[in-house]
Amino acid sequence: QAKIQVGCTATSDCASAIVAIDEGIFKKHGLEVEMTPIGINSNIPAAILSNSIQIGGPTSTVFLQAADGGLDLVAVAGATVMSPVSNGNITAFVRNGITIKEPKDFVGKKVGAPGLNAFLHVLFVKWLVEKGVDPKGVNFVEVTFPTMADIIKSGGVDAVLTAEPFVTRMTNAGLGSVGARYAVELARTDPIIFYAASREWADKNAAAIKKFRDALAESAVIVNNDREKASASIAKFTKQPIEVVKATPPNRSEPVLKLEQLAWWIEVMSTQKMLQSKLDTSKLVLK
Amino acid sequence: MASAAKRLETVPGTPAPQIRFDEVTLQLGGKTIIENLSLGVQPGEFLCIVGASGCGKTTALRLAAGLYQPTSGKVNFDGQPMREPRREIAIVFQDYGKALLPWRTAAGNVSLALEAGGMPSAERPARIEELLRTVGLPGHAGKYPSEMSGGMQQRLQIARCLAQEPKTLLMDEPFGALDAMTRQGLQDEVLTLVAASGATVIFVTHDLDEAIYLGDRVIGLLPHPGRIGIELSVNLPRPREQLSTREQPEFLRLRRQLFDFIKATEQ
Amino acid sequence: MNRTVILWRVASFAVAAGFIALWQLIANLKLVSPVFLPGPDRAWASLVRGFSTGDLWSKLAGTLEHMAYGWLAASIAGIAIGAIIGSSRTMRIYVAPSLEFLRPLPVSAIIPVAIAMLGLTQAMALFVIAFGAIWPIMLATIHGFAAVEPRLYEVARSLQMSRLAVIFKIALPSASPDILAGMRLSLTVALILSVVCEILAGLDGLGHWVLLSARAFRSADLFAGVILLGVTGYVTSVAMSLAEHRLLAWQASQR
Amino acid sequence: MTGNSAKALALPLAVLVAFEVWVRATHLQSDSLAPPSEIVMALFGAFTDLSILAATRDTLFSAFAGLAIGTVIGLALGIAIGISDTLNRLMEVTVEAIRPIPSIALLPIALIALGFGYRMEIVIVAFACVWPVLILSRAAVRSIEPRLMEVARALRLPPAQRVWKIIIPAALPRIFVAFRLSAGIALIVAVTVEIAINPLGLGAGIMLAQQALRPDLMLAYLVWIGIIGYALNILLTVAQQRLFGRAALSGDGQ
Amino acid sequence: MASAAKRLETVPGTPAPQIRFDEVTLQLGGKTIIENLSLGVQPGEFLCIVGASGCGKTTALRLAAGLYQPTSGKVNFDGQPMREPRREIAIVFQDYGKALLPWRTAAGNVSLALEAGGMPSAERPARIEELLRTVGLPGHAGKYPSEMSGGMQQRLQIARCLAQEPKTLLMDEPFGALDAMTRQGLQDEVLTLVAASGATVIFVTHDLDEAIYLGDRVIGLLPHPGRIGIELSVNLPRPREQLSTREQPEFLRLRRQLFDFIKATEQ
């Protein structure tokens, strides 16, 4: 049995895999698994296709765009889904001097997203549309997470779409305030990240995938219930200080991926003109 | 058959010239540089070419070397047409600094010609030493050209040319950039070397005294396009001597004649 | 005379066209998956689509703007610093080693620091591009100053010219071929850095277009962007050599 | 000499002290900046756990491998184009159009085709290094004293010997300058690839430090890259002076 | 007081020399290049300096120009010590190609000297035209040096020196790199110009004929370290003429004398 490389960005979203390694759950199921940190989420599909990693954790948006672009990927297991807790972590953080009372106040503002057409951005646009605001009126730019605080402070942007722990850090530094908790208002429970592989690899390694799923089912319980253990593992993987990790609850692990959840994303992205072809959900998820 | 007959016809009796220009015309960049030049150089002859700057002296020499091909007419060497440079013809360039390989020592520079001639490497060192001694650079085998004075560099270039064992030596203002003393010393050296090897020489210079001092025959070129304007036989006795030869009435007469010729072409 | 130059140009373009045909052949035969390597036909279609919907124009303009401002800033600063270091021994001792330390720093690594200091602004892009593009110009200027014919300084001395006059009448003009060559190198560097900047800092421009296309796995769009970058580089370098040709008319080799 | 190096240190020291004072005075809180004292501590820490040394090894390996491949390709093309005027004129548009393509724009394609790791990074570095070597070696060959080529013709040296005995030694000093420039480019490109994509070496170290909210460590990596580049440049400059300081070069045929 | 008395003492009766070397010694790089050189050049005199290569001719000239300061001894100009180059002293460098600003036209190069002299820009064009006419370059004001032949460039450098309106003209092998014809033409031109302006000239050359042809007095330097080895007064009538002057017995006598001197120093 060859070693399986799992590639994720340095977040808590792949906590179920990280914990499964640290707790020896994969080993128990006869799998040898190793984590590979990947800087940018949108590189994950390419990494899978080039066999640098066998399983990766792309966000829903990255996965669907890759599938739309013709990359033959298939989702093999669920990782994290939106939940009331994780939705509460997501905010549009506004710098001092700007007040946002209602969604249309964002019109004409410069808003930094950690990736254009990426997860937070798509959600935010969806929220604007639901609130009857034309997203074209908002000026979006890209701002990576670590530079957000500095840019907000310098007034380079009016707001950033961000998440914990950055919200708390920026609030404590007195750089501004939360302008909108748009994820809470959307109140979705659709997947944030799931595990994906190339169809070719998945077809050849059906048995391994079965074991992989079983192991995740066990470790997800730990992630969702044992904060201590989960935080320790996450801190080890992301190299973030343990206090920072502990301060924010990890996103909810949900090892089983349902077809309808992807359908919602496809609809949202289609209305935002991010997809050019019609995607068939049944082919995107491995049975 | 026909061409052989013609060759015999054009040089009846006299020895066949080693280098022969036959109505040679050369155009470069649309301009006619040399026009209808006919000229024969006998084996062992020392021919000097003078002329105003830009009249085509260098070009004529390069034709003789096979570095240029005539636009019309023929250049023959030993009766064979010149298609490309030959190893039997050595050229001494005026700019010795540029014609030596700066990354090779004196010995290495001489060696280049031996390598090109396919001499086995075991035999080279002895031959190199001999050649360097001939040109008066016996102790300098390990020096780089940049460590040598101008006169030494020019002697080194001559050594490399001698390594080719040329039948013909072409020299393009070889002493132009040297000071008067070094120059006169080298003139005498060249005369000695040539007398010893019996090589044919075409020597280009703009120094009229030098041409008369060295040559058996002096040709003055006319410019635009280059063609022969004057031809003088030099009947000064050999060996020649720097001061006395230059003070002979025959020398002064030839010099005045050449001087008037050049003066006339400059207007 | 001029005709042959044009003929060679045409032949040169024909060779380039030959390479494009080869590319088309590889794409048609599907030697490489079309997901990664679209044929020139698809790239061209994407280029046309990009221009007709107007998006590509603004991206191109963005890149050109970053490149031009960054390059100008690099040129001015590079010549000034180069002239100071080139003509003053003291500055050479005190400042030059620090510059040698800064020079190998990858611009990509400077970007986070630059963002922290200057924010996500045009000024930041300008600084970053100038930081990377300044070196060829500065080094060329220093070299140009060092290589001024000493005889010319002696001419200046015997004419009892002032220090300022020496710099402006002797050293700068004498170094100008070196400086222009440095500026030419910097032009390419500025283009590359504009793209790097747009990719890593998310500024609007062709780099961002390439990045978004890559993220959305639209390889035809990606190649359209890359082609446009190549064309930009070619056109600017031709423009630069024309300018050089005019400015250096006094050089024998330019004629 | 030592006096001069002390003077050379004066400016950076002054800047560092000023920066430290400014950071302390304004109680700077940033995810991208840190006071010099903390940077030094972080650098020290990275040395004690050897992580920075492993990263340096990875980066330098890719950079040098890419540099070697790029130099060989660039040199071969540059010499060929430099020797043949026809080839030079024919390839002009192609070369000038490909040269300005930033190698970083090709990253997505390289990633899909080659995956993470040394291979992809080496290819990108090589692509970036080919051009300066090609351009400069072409110029070097074209500026070879025509007299030397005529000497080669007059001696009737065969083509292979002409390249080996005349062209390469004559162009070597300028080719080495191209190599020195390319070495700097190789380091920069390698780190850039690592920052953008490749989870290897010093660039990945920067990215990880940044994402781990450790600006001190990130800047420590940055300083270390500067030191490596500085040392590399000095090394190559010394080598250049050793090899080509005199007009005499190493390619002596004896 | 004491020094003034001494100065009066050393030149009794004769006009005060314009340039005076007083036991001048110069060391460069730890080597003594010039030793104990004493020399006076009278206003309007044409002094030629000859000597073997490396004997210190250029160095002596640079001392006279103020480009070097003596290690010991004094160089005076018009009775004043020379601390730095002066605008009244113009130097014509041998390497004319290097001494001209390649990015300025002929007019621009002459203009440089006028600018340095503070002439208002309105007056310059007329003066430039006049100077270019003087040196025989009337139609070439708009040409760059790279578009001119060697002889034209050297004439341009002379024009720039004349623009300084110098009391003294220092010339360092100014015709060394020119061909014989151009050279003889320029020799005559310089004689005419100097006669017209009345300037003092120090002229360095390694061509003995040239030194005798041009000078009122010829000095031969001995090398290692440089000092005066021979001093000859040239009593040939002026104006001089290329062929006839050179054939006069006095000319030949002086040449032989100089030649023997140089020959002796070379060993």
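For reference, chains read A, B, C, D and E in written order, and residue numbers begin at 1 within each chain.
Everything below uses one rule, namely that a residue touches a chain if its C-beta (ideal position, glycine included) is under 8 Å from a C-beta of that chain, and two chains touch if they have at least 3 such contacts.
Since the structure is predicted, the reported quantities are computational estimates derived from the model, not experimental observations.
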| item | value |
| --- | --- |
| Partner chains that chain B and chain C have in common | D, E |
| Greatest separation from chain E - chain, by CA centre | A |
| From chain B, the most remote chain by mean C-alpha position | A |
| Most contacted chain pair (by C-beta pair count) | C-D |
| Centre-of-Cα separation between chain D and chain B, whole angstrom | 49 |
| Distance from the mean Cα position of chain D to that of chain C, given in whole angstrom | 17 |
| Distance between the centres, which are taken as Cα means, of chain D and chain A, whole angstrom | 37 |
| Multi-chain contact residues (two or more partners), chain D | 30-33, 108, 112-113, 195-196, 210 |
| Contacts with 2+ other chains: residues of chain A | 144, 146-147, 150 |
| Numbers and ranges of chain B residues touching at least 2 other chains | none |
| Chain-to-chain touches, reported pairwise for every pair that qualifies | A-C, A-D, B-D, B-E, C-D, C-E |
| Complex contacts: residues of chain B adjacent to chain D | 65, 67, 84-87, 89-91, 93, 95, 98-99, 101-105, 107-108, 111-113, 115-117, 144-146, 164 |
| Contact set on chain D toward chain B in their complex | 145, 147-148, 150-151, 153-157, 161, 165-166, 169-170, 172, 246-254 |
| For the chain D and chain A complex, residues of the former touching the latter | 29-33, 108, 111-117, 195-197, 199, 204, 207-215 |
| Touching residues (chain side chain C, partner chain D) in the complex | 8-9, 11-13, 15-16, 19, 32, 35-37, 93-98, 100-110, 112-113, 115-117, 188, 191-192, 195-196, 199-200, 207, 210, 214, 219, 222, 225-226, 229-234, 236-238 |
| Chain A residues within the chain D interface of the complex | 10, 36-40, 43, 46-47, 49-53, 144-150, 153, 169, 173, 238-241, 244 |
